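Below, each structure is written out as C-alpha cells.
Both complexes below contain subunit A, partnered by subunit B and then by subunit C.
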Partner chain A sequence: MTMIKTLAMIAATVFGTAALAQQPAPPPENTGPNANIVRWASGTYTYVAADTKRERAWERFHMNVHPDGSRTMIMWHDLFARNNQFTVVLRVAANFRPLESYLSYWTPNGYKGSNFITVAGSKLTAVTNGPQGTITQAIDVPEKVSIGTHPVAADGWHTWYEDAKAKGPQKGTLYSVEATADNAKPPLGTPIPFEFERIGQEKVTVPAGTFDAVKYKLGGASEAWVLEQDKIMIRVLNAPRNLEYLLTEFKSGDNAKK
Partner chain B sequence: MTRRALAAVIVWAAVSAAVSTRAEPPPTANANVVRWATGAIAYRVKSTGAINGYETWRLSVHPDGSRTMAATVQYAPRDIQRHVVHRVDAEWRALDTYALLWLDGHWRATTLALRQGAQLTITGQSSTGPAAQNQTVSDQIVMVPHVLAADSWRAMLVDKTKSGPQPVAAYNFNATGEGAAPALGKVMDYRMTYVGAEQITVPAGTYATDHYRIEDAVDIYVTGEDAILVKFIYPSIDREHLLIEHKKGP
Partner chain C sequence: MRRLLSIFALAGMLGQASAQTTSGQGAPENTGANANIVRWARGEILYQTLADKRHRGQEQWQLFVHPDQTRTLITHNDIYARNAVMTAVIRVQADFYPIESYASYWNDGRFKGGGVFRVHDGILTADITGPTGQFQQTIAVDKARLSLLVHPLAPDGWHGGSYDKAKGGAQTIPMINIDAISTWDRPVLGSRLDQTWELKGTEQVTVPAGTFAAEHYRANDFDVWVTGPDRILVKYVWSAVDREYLLTRFETGP
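And now, the complex of A and B:
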C-alpha cells in the first residue's frame, strides 16, 4: 500500500491529528457494504430458572462473519442473579477452531480480571491481568479444542470438530475459563475433557421466533439447539441444574446479497 | 460409557454446578453495574449527510468508579471494522484496552494494552506475527483505540479551568494496521482545548455538552458524568459524526 493511501486512510478514519488532515485527497471510497463483513447476526438471550421461569440474566451478542470464513463474536453478559458481569470477544477460524479471545470478568467480589487468549496450532497462550497481577500461561492444546468463556451465544462453537459420520458422543477438550466468585483465582483456563452428541434436526420455538436447528447434548447434561450455519445458540436446557437459556431477539444480515 | 467419557461428564457437571439456580437470591440489579448506557453513533459526510459508517457501544460504570466500554465500529469507505473493550479507572486513566482490527477484508491485528502504574505493556498479534512493547509512561495516560465513544474520554483529563491547549498523553493504537508492526501504536501528546459549555441537538436528543477541540482539527462534544460523545466534527475531511441512539439506566 502506498504512503499516500496510508496517510489518506489515517485522515479518513478521523482519529488523527491536524497535520494528517492536510494530506492529499483520499482515493475513491468504498460505497458498498463493509468488505470485512460478509454476514452478521445479533441477538439477546434471557437466562431463566427452568421451573419457575424466574429471570436470572440477560446477554447480548453481535457476530460478524469475515471474507475468509472466520467469525468474531462480542458478548456482553449480565448475570444479575449471581452478580457476575462478563464482557467477551471470541474469534474463530472458518472451521470454528478458536483463534483468540479477550474476556473481562466482574464477580460478586469485584473485578476478577481480564484474559487475552491466543491459539496458534497446538500452542495456547493466555495473559491475565487483575487483582492477582499479570500472569502468562502457555500450554499445549489438542486440535479438537474450544474456549469456554461462559456467555451462551457461542457455546454452539464447542461442537466445531463434530464428525458428521460418527454416531454417539464425540470427545474433545474445553479450555474452560475460571469464573467463580473467588477473585484470588485469576480468570485463566484449564483444559478439561468435553463431550457432545448430535441428536438431530429439530424445530425450536423461543421468544425470538421459530428456528430450524440442530439439537445437541452438550457435556452430558444440557440439551442445546443451535443454528446450523453459524452455530449460534437458540436454546439451552439444563434440567438437572434447573437452567434455561432462551434467544429473545435475533437479527441477521447477509452483505453478499445486497 | 467409558471411564474417560464418564470423567468428562463429571468434570463438566462440576463446572456447571457452580451456576445451579438452587441457591440463587432473587434477581436484583447487578451489583457490578452501578450505572450503564448504550449508544450508536452514525458516521456521516458533513456536506451531504450521507452515512458511511457507524459505531455501537455499551458502557458499564462499576462500584469502584471504573468504567468498561465494549464497542464495535464499521467504517465502510475504508473497509475498517473494529472490536474494542476499553477500561478506565475512576479518574479516566487507562487500565486496559483490547482492540481487534479488520482492514480491506483481512484481519490485520489484535492489540492488548495494559497500564499498571507508570508501566505500559502492549501485547500484539498480527498477520506479521506477535509483537510487544514495554515502556514507562505517565500514569495519566489515556488510550486511543479508535472508537469515538472511548477516544473522547481523553477530554476528561483536560482541566476546564485553564484556557488554551493542554497536552494529554495517549497511547495511540495503530489506526490502519499499517507498517511492520500492525499491532503496535505509539505514545503521543494530544493538544486539547476546552472551548466551553454548549447545548446541542442530535438525532438522539438535545444535550448539555462540554465542547473540546483536539489539535485545532477536531471538535468533540461530550455530555454528563460519563462523557458520552454526542457530536464529533472533523471539518477538513468533511466528517460529522452524531449520536443517533442513547439509552441509560441505573
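And now, the complex of A and C:
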C-alpha cells in the first residue's frame, strides 16, 4: 500500500542548480550516453480528414525508454480544427501498464484543467485542478487497464495486455479522461470497457517513411498501425468518422548501440 | 459509471473523444488558428562547458501563449554529462507568477520521482510520487512575486518576470527550488531558495539560433539573457562552475 505522508515546509538540504555553485570540485562528468535513456524516439503527426486530407492538427512527442524498461512519453498538440490544445506526460512500466500521467487541457471554452494520475496496483488516484477547483478521485482499476489521454502517440500502449496466443478481440479497461468542451466537467477519467484485436504484421507507408508495423483494430472503429517494440503509433484510420492520423517526422536513437 | 465503449470513445483513436463536430460530418471545423494559442515558440538549448565547449546535454521545449496571456511551457532535457533526465510542464500567469508545474526526474539510471506543484492564494501544494512513496507538501509563498525552479533551463528566464525595471538594482526573487538532482531516496520536494536578479541592460546577443535583442540580467553568480515578451532564454553563463547554455534552434508562430 502506498504510504501517504503530509509534510510541512521541509528544510531539506537542497542539491538544486544554485546549490551546485557551492560544491568545491564537481566529479568527472559522463561522456557517454545518458544512463537513464536506453533508447528514445521523437516525432510529429498530422491529423487530417481522411477523405480530403484537410489538415486538422499537429502533434509532437518525445519518448524515453529507461533502464528498468519503463517509458516516459511527452505529447502535445495543436488541434486547431477543434480549438483544443492538450499537453500530456505519460509514464508506463516495462509492460506498458500505466504508472503516472500528467495532463493539461484547453478546449474551445478555455482552460479545462489539469490532472495528475497515479496508478499503484489496483489503486488509481487522480487530482484534477482547474476552473472547478481541486478534486481528488480514488478508484479501483483492474490489472488490464490503460489511460486514454487523447493525443495519439501513445495510443498503441492500450494494447499492452495483449495475449499473443489468443484469437479474436481482447478486452480490458480504459480509464478515459473527460476532454469535451464542457469545462464544467473537470478532466477526470471514467473506466470503460475497451476492446482491441491484432490483425497482423503489415508494412505501412506514411510521410515519415515506410515501417514494419503491427495492425490492430481498436475500439471497433479504428485501424491502427504501431511499431512492435515501443508501440509507437504510425497511422490511425477511423473511416466512420473520416479521421486519419499520420506520422510525418520520426527520429530515434538506441544508446545501447553507442 | 461504466458504459459501453462507443465509436466515440476511440474516435480517431482516443484522440478525439470530444463531443464536438466530427470531421467531414456535421458542422464545419475551424480552419484558422487555434483560438487557445495566441502565439507559440519552440527551441533547443545546448548545455556545454564554458571553457572548452564540451557538450554536456541538450534540451527541447515548446511554449504556448493562451488568450488570457497565461503560458504553458513543455520542456525535457538529456543531461548525459550528469546522467540526468528532466521533464517539466509549467504554467504561469500573464505576469509569469506560477500557476502549476509538473516535474519528473531521473538520475544515475534510477527514477527519482515526480510531482505536481500548484500555487493558489499564497499556498504551494505539491503531490509528489517516487520510489520512497507518495507525499503531499504545502508551503506558504509570496502572493505577489514567486518563481519555481524546476531545473530545465528554458523557464529560467521567467524567474525575472516579476523584476521591477522602474525600480532597478538588485532585487530578491522568492523562489521554490524543486529537489531534482539529489540521491534517488530523497523525494522531489520543494524548498525556499531565493535568487537575486539585477538588470544590466539590453544587448544584442548572438547564439547558434541567431542574434537577439535581449535583456541581460546578473542573477546570483550567473548571467542570463532573455528576449521578447515571453522571456525566451537565449543564453545562460555560469562562469563559477564552467557552464554555458545556448539557444541553438528557435521557431515561433503563428
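We adopt the following convention: the second predicted complex is superposed on the first by the 237 of 258 C-alpha atoms of A that agree within 3 Å, B and C clash if a C-alpha of one lies under 4 Å from a C-alpha of the other, contacts with A are read in each partner's own complex, and residues count from 1 in each chain.
Basically, contacts are C-beta pairs under 8 Å (C-beta built on N, C-alpha and C of every residue); 3 or more make two chains touch, one makes a residue touch a chain.
Model, not experiment: these values are computed from the prediction.
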Simultaneous placement of subunit C and subunit B on subunit A, clash or fit: clash
Partner chain(s) touched by A:Val236 [first = subunit B, second = subunit C, both, neither]: second
First (subunit B), second (subunit C), both or neither touched by A:Pro191: second
Touched partner set for A:Thr72, first subunit B, second subunit C, both or neither: both
Partner chain(s) touched by A:Ala224 [first = subunit B, second = subunit C, both, neither]: second
Partner chain in contact with A:Asp182 - subunit B first, subunit C second, else both or neither: second
Subunit B versus subunit C as contact partner of A:Ala138, first or second or both or neither: neither
Of subunit B and subunit C, the chain that contacts the larger number of subunit A residues: C
Which superposed partner A:Pro151 touches (first subunit B, second subunit C, both, neither): second
Touching partner for A:Tyr245 - first (subunit B), second (subunit C), both, neither: second
Touching both subunit C and subunit B, counted on subunit A across the two superposed complexes: 6, 9-19, 21, 29-37, 49-50, 54, 56, 60, 62, 64, 66-68, 70, 72, 74, 76, 78-85, 87, 89, 91, 100, 102, 104, 106-108, 110-111, 114, 116, 118, 127, 129, 134, 174, 176, 179-180, 192-195, 218-222, 238, 240-243
Touching residues on subunit C, where the partner in the complex is subunit A: 1-5, 7, 9-20, 22-25, 29-37, 40, 54, 56-57, 60, 62, 64, 66-68, 70, 72, 74, 76, 78-85, 87, 89, 91, 100, 102, 104, 106-111, 114-116, 118, 125, 127, 129, 133-140, 149, 151, 177-182, 186, 189, 191-193, 195, 220-221, 238, 240-241
In the complex with subunit A, residue positions of subunit B that touch it: 4-5, 7-9, 11-13, 15-22, 24-33, 43, 52, 56, 58, 60, 62-64, 66, 68, 70, 72, 74-81, 83, 85, 87, 96, 98, 100, 102-107, 110, 112, 114, 116, 121, 123, 125, 144, 146, 148, 151, 175-176, 178, 190, 214-218, 232, 234, 236-237, 239, 241
Sites on subunit A touched by subunit C in the complex: 2-21, 23, 26, 29-37, 40, 42, 47, 49-52, 54, 56, 60, 62, 64, 66-68, 70, 72, 74, 76, 78-85, 87, 89, 91, 100, 102, 104, 106-108, 110-111, 114, 116, 118, 120, 127, 129, 134, 148-152, 155, 158, 174, 176, 179-182, 190-195, 218-222, 224, 233, 236, 238, 240-245
Subunit B partner contacts - residues on subunit A that touch it in the complex: 1, 6, 9-19, 21-22, 29-37, 49-50, 54-56, 60, 62, 64, 66-68, 70, 72, 74, 76, 78-85, 87, 89, 91, 100, 102, 104, 106-108, 110-111, 114, 116, 118, 127, 129, 134, 169, 171, 174, 176, 179-180, 192-195, 218-222, 238, 240-243
